[in-house]
Amino acid sequence: MKFGIVRFPGSCDDVDALLAAQRVGEAVMLWHADSDLQGVDAVIVPGGFSYGDYLRAGAIARFAPMMEEVAEFARDGGLVLGICNGFQVLCEAGLLPGALLPNISLRFVCRQVRLDVMSEYSPFTRACPLGEPLSIPVKHTTGRYYAPEHGLADTQVLLRYAPGENPNGSDRDIAGVCNESGNVFGLMPHPEHAVDPLTGSSDGLAIFESIRAHVADRVVA
Amino acid sequence: MEYELILAVLGRHPNDLELAMFSLMWSEHCSYKHSKRLLRRLPTEGPHVLLGPGENAGAVDVGDGLAVAFKVESHNHPSAVEPFQGAATGVGGILRDVFAVGARPIAILDSLRFGEPAASERSRYLLERAVAGIGHYGNSIGVATVGGEIYFDQAYEQNCLINAMCLGLAPHGRLIRSAAVGPGNVLVLLGALTGRDGIGGASVLASAEFGEGDADKRPSVQIGDPFTEKKLLECCLELLEDDLLVSLQDLGAAGLTSASAEMASKGGLGLDLDVGRVPLREPGMEPFEVMVSESQERMLCVVTPDLVPDVIAVCDRWEVLCTEIGAVTDNGRLRVLDGAEVVGDLPVAALVDECPMYNLEPEAPIVSLYPSPAPVLGGGETPAEVLLALLGSPNLASRRPVFEQYDCIVGSRTVRRPDAADAAVLELPGGAALAISIDGNGRRVACDPRAGAAEAVYECSANLACVGAEPLGLTNCLNFGNPEKPHVAWQLVEAVEGLARACEALGVPVVGGNVSLYNEAPTGPILPTPVVGMVGRLPDASRAGQIGFTNDGDAIALVGPFAPSLTGSELAKLRGAAPAGDLPVMEPGAVREAHATVRDAVCAGALSSAHDIAEGGLAVALAECCVAGGIGARLKVRIDDWVRELFGEAPGCAFVVSGAEEVLGPLGRVIGRVGGDTLVIPGALEVAVSELRAVRDNGLLQYASSAVWSE
Amino acid sequence: MRARVLVRPKAGILDPQGQAVERALPALGFGGVANVRVGRMIELDVDDPDRLPEMCERLLSNPLVEEYEIVESVGAEAPVGAEAMGAEVAQEARP
Amino acid sequence: MRARVLVRPKAGILDPQGQAVERALPALGFGGVANVRVGRMIELDVDDPDRLPEMCERLLSNPLVEEYEIVESVGAEAPVGAEAMGAEVAQEARP
């Protein structure tokens, strides 16, 4: 299985995502200005501050040539994971519902949080242990999820901040959502920073494992 | 006076541009004219040193063909004017120093000093905005801010200190120097457009050059652009990776003037530089404005002519502006051209080496230079009340409200985050790890500059020992008042002597640093504040030590020589004592031995926790171990003189460690046991860990004004 | 032509910056302030002002959570239309 | 009274946001754009508009690096003075 990580000018967690993905499969960088997906099985839009996050987080990056490829890949059912800034980019691109707004505190917050997994069937969470919260860090200034009044079914909410853990004021404690077809997923917490107990936790690995398992099943089928 | 000297070395009157260049290069900031002689006292050699002082950052070997480059630098004056941008550009500047030597920045630490937050709204504002600025730059560029320190004292009310340290990693082969090489080679400017940023800062120029009405055109506040620097950083590292550069230098204070003069001077060569080719952000800039502009996010490099197209290609890919602005010459002159016209022509040696050096005239003060602080404690408190007052005091309270605003994990190396251990720990590719600590206690240095400065070195080394790391090298930033004043000169001379002796005693070389003088208000100088940043290595990241008590039933031991006293302590401060008196005398050999004992035990995986006893003394150290681990402790030793024994300080020499009793016995004196949910010191105090935590958590939080803008 | 685009959070969207300003002003001794909203202003020279609405929808604002307003002003130098709109321009230093 | 305060980076002060937008627009097919500056807009009800300049200097802008402009408008409901200034107000949903 091969992951592709989209690298924009200003991406910061691109290498981290690459290293995390390499724990479960192969992974390559995809340069924002290119238009070749290199035959990857899943795409990760990583965290950071693409284009400095100037104007609005994710607003400029969504127009990169590579993002057009990613949009098409998603329309064809390919798995796309957006982490933090990647989540913002996917919302701006209309691949995910909603928007990310400044934290209620108006401050950057870097903190380990507990997340409740809301679905055991999604391609992104199927390997998560049932009923156990995940310990994964968040780090962002613009992470308050705004859920649109229409166009977000409860089943699209894959992750919520555990009670009392919401770090940014997100609607209904939402930490991660998928699109209607379930193949595009965005979350503010950083699973790629939770893949090794030595650096804090390995709970995020389950997200990468889920993707790998889903792709493997699809290949068999 | 200095003008006469310029006449002598030049043999003629300088023109306005040349005078501007001289006045910048001969400023304290660039020439170190009051400190250079003194700095020679610092030991700079050691088996691991790869780059010593003189380069943009020092570097030491960390094994496996890797080098770690690091430096600490001040941005005090700009931050006092505009704390957000001042602190942000301080981080931007120190990052450039590190990637200027070819290292990828992997960690930032910050050392901050402000006035008393309870008394001063301005100090709360400076704290809020400086922290936001540091976070803004470091978070956006994707370099983890893994540690730092903050002290509050009224002596910093008018002069806050913002020191930032950066540490980077490079394969040995990628390290590069800044010396210009090879006449005929091309001088290339990389990065941001040049605007009128920071020109007002060169105050010497104000009278000579600026008409009244022009003031507005010359913004002195520099705005940091981490996005541009991120691209510049990636671009420079790729250029080095592809072996396309001959030399590399960042643009910092005094912009092109300083960068070009330094490059030429180090290479013993000359440079021709055409200001007409420098890409400008604003129309109509004069040559001198281009030469002194302090616009951020720019680098200067030397490239062989045949490789210029390759350099341009890499820059294009990263969307980094890249302009040929001159050439290396062999005539030893820095010639400034504006197209075909020569607008300045100076001998490099005169500019860089012939700045007059001044001898300090130190004189020890007879009475303390600093007034007594307003007392917070009267003296009638119980030990428990004293402990809680200390834990909740601004200097000891939890730094969580600050460090949560920093991304401490980007890079996937952070093994010990803030609050988890005494030093930050970053994993290296081969399974070993780096440990970093930054420290400096101005109150103690004010009491006794020589001993206080030595303590800063000891404490950094002790912090490293707590995670199991052996020191490899250190960097320092000397923040002092006006060196032309004899008492300040004395502080400076004594502090450098103390640093030098401590470094010699521990065998740690100084590989770089920075000096910030004239931190003075009409009410007097800041506390003398040498800040030490130390880097060490531990063989096995998975055995990095941590601070919190963990196992019910573990023994607690006191390791190392411990002779606490109240002089210069936090308790003395809370009781309203001026920073004066003799600090405890530490025997360097015993300190070194204690550090080795703890370090070896941590490396062997023999301890559950390790923590050095610093500000607040033994009781505060124990409380911190309890809070970090969420478990209580009970001492079983008799306390006779509780004020001194529990709250006296002797930083950098003694430790509180926990582990199995049979392991601890040979290391030190077993004084108690881990367990329960209270901290019990028989005959003195008994406080619930939850209460310790609550008080410690709220100490700084209560002064955190709320943010108004989201950056 | 110089134009100005104003972007603000839509009604109903929580605006913590507006709230923070509203809290901070009384603390500084400025009473009698309410309903503060904080948005963004983008000023630009455009050759073809007809394309401004499209720029706003595609880049300058996020229509899901923001609304925008285009203020056109001919041939103005910055500060755009200050007088025309009865504005004050000030550059004093903070205490 | 409802008022609007516009804050922008002073002339000569680096505006990284403006630069980023300026570079992004052509790539999206919007040519002919120059001199982009990005600032802030604050809208508020004030009882005493005379105090607005002081509010601007102390909180709403940072006079070291920003300049402000006060646009007053009586009794307006949001969007303030849209018509008066020849503005368009749009709230369309993104396709």
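Per-chain residue numbering starts at 1, and chain names A, B, C and D are given in the order in which the chains are listed.
Basically, contacts are C-beta pairs under 8 Å (C-beta built on N, C-alpha and C of every residue); 3 or more make two chains touch, one makes a residue touch a chain.
Just so you know, these numbers come straight off a predicted model, no measurement behind them.
Across the two interfaces under comparison, A-C and A-B, the one joined by more C-beta contacts turns out to be A-B. Rounded to whole angstrom units, the spacing between the C-alpha centres of chain A and chain D is 33.
Chain centres here are Cα averages; for chain A and chain B they lie 35 Å apart.
A separation of 2 Å divides the Cα centre of chain C from that of chain D.
Residue positions of chain D touching 2 or more other chains: 10-11, 16, 19-21, 24, 28, 38, 40, 59, 62, 64, 94. Residue positions of chain B touching 2 or more other chains: 216, 225, 227-228, 319, 706-710. Among the residues of chain A, those touching two or more other chains are numbered 51-52, 54-55, 60, 63, 102-103, 105-106.
Viewed as a contact network, the protein chains are fully connected, with every chain touching every other. On the side of chain C, the complex with chain D involves touching residues 2, 4, 6-8, 10-11, 18, 21-22, 24-25, 28, 30-48, 51, 53-60, 62-64, 67-72, 78-79, 82, 85-95.
Across the complex, chain B meets chain A through its residues 132, 135-136, 139-142, 225-228, 230-231, 318-319, 403-415, 417, 427, 541-542, 706-711. Residue ranges on chain A touching chain B, taken from their complex, read 9-13, 15-16, 19-20, 48-49, 51-54, 102-103, 105-111, 137, 139, 141-142, 190, 192-193, 195-196, 198-200. Across the complex, chain C is touched by residues 55-56, 59-60, 63, 92, 98-99, 101-106, 144, 146, 148, 169 of chain A.
Against chain A, the residues of chain D that register as touching in their complex are 16-17, 19-21, 24, 27-28, 38, 94-95.
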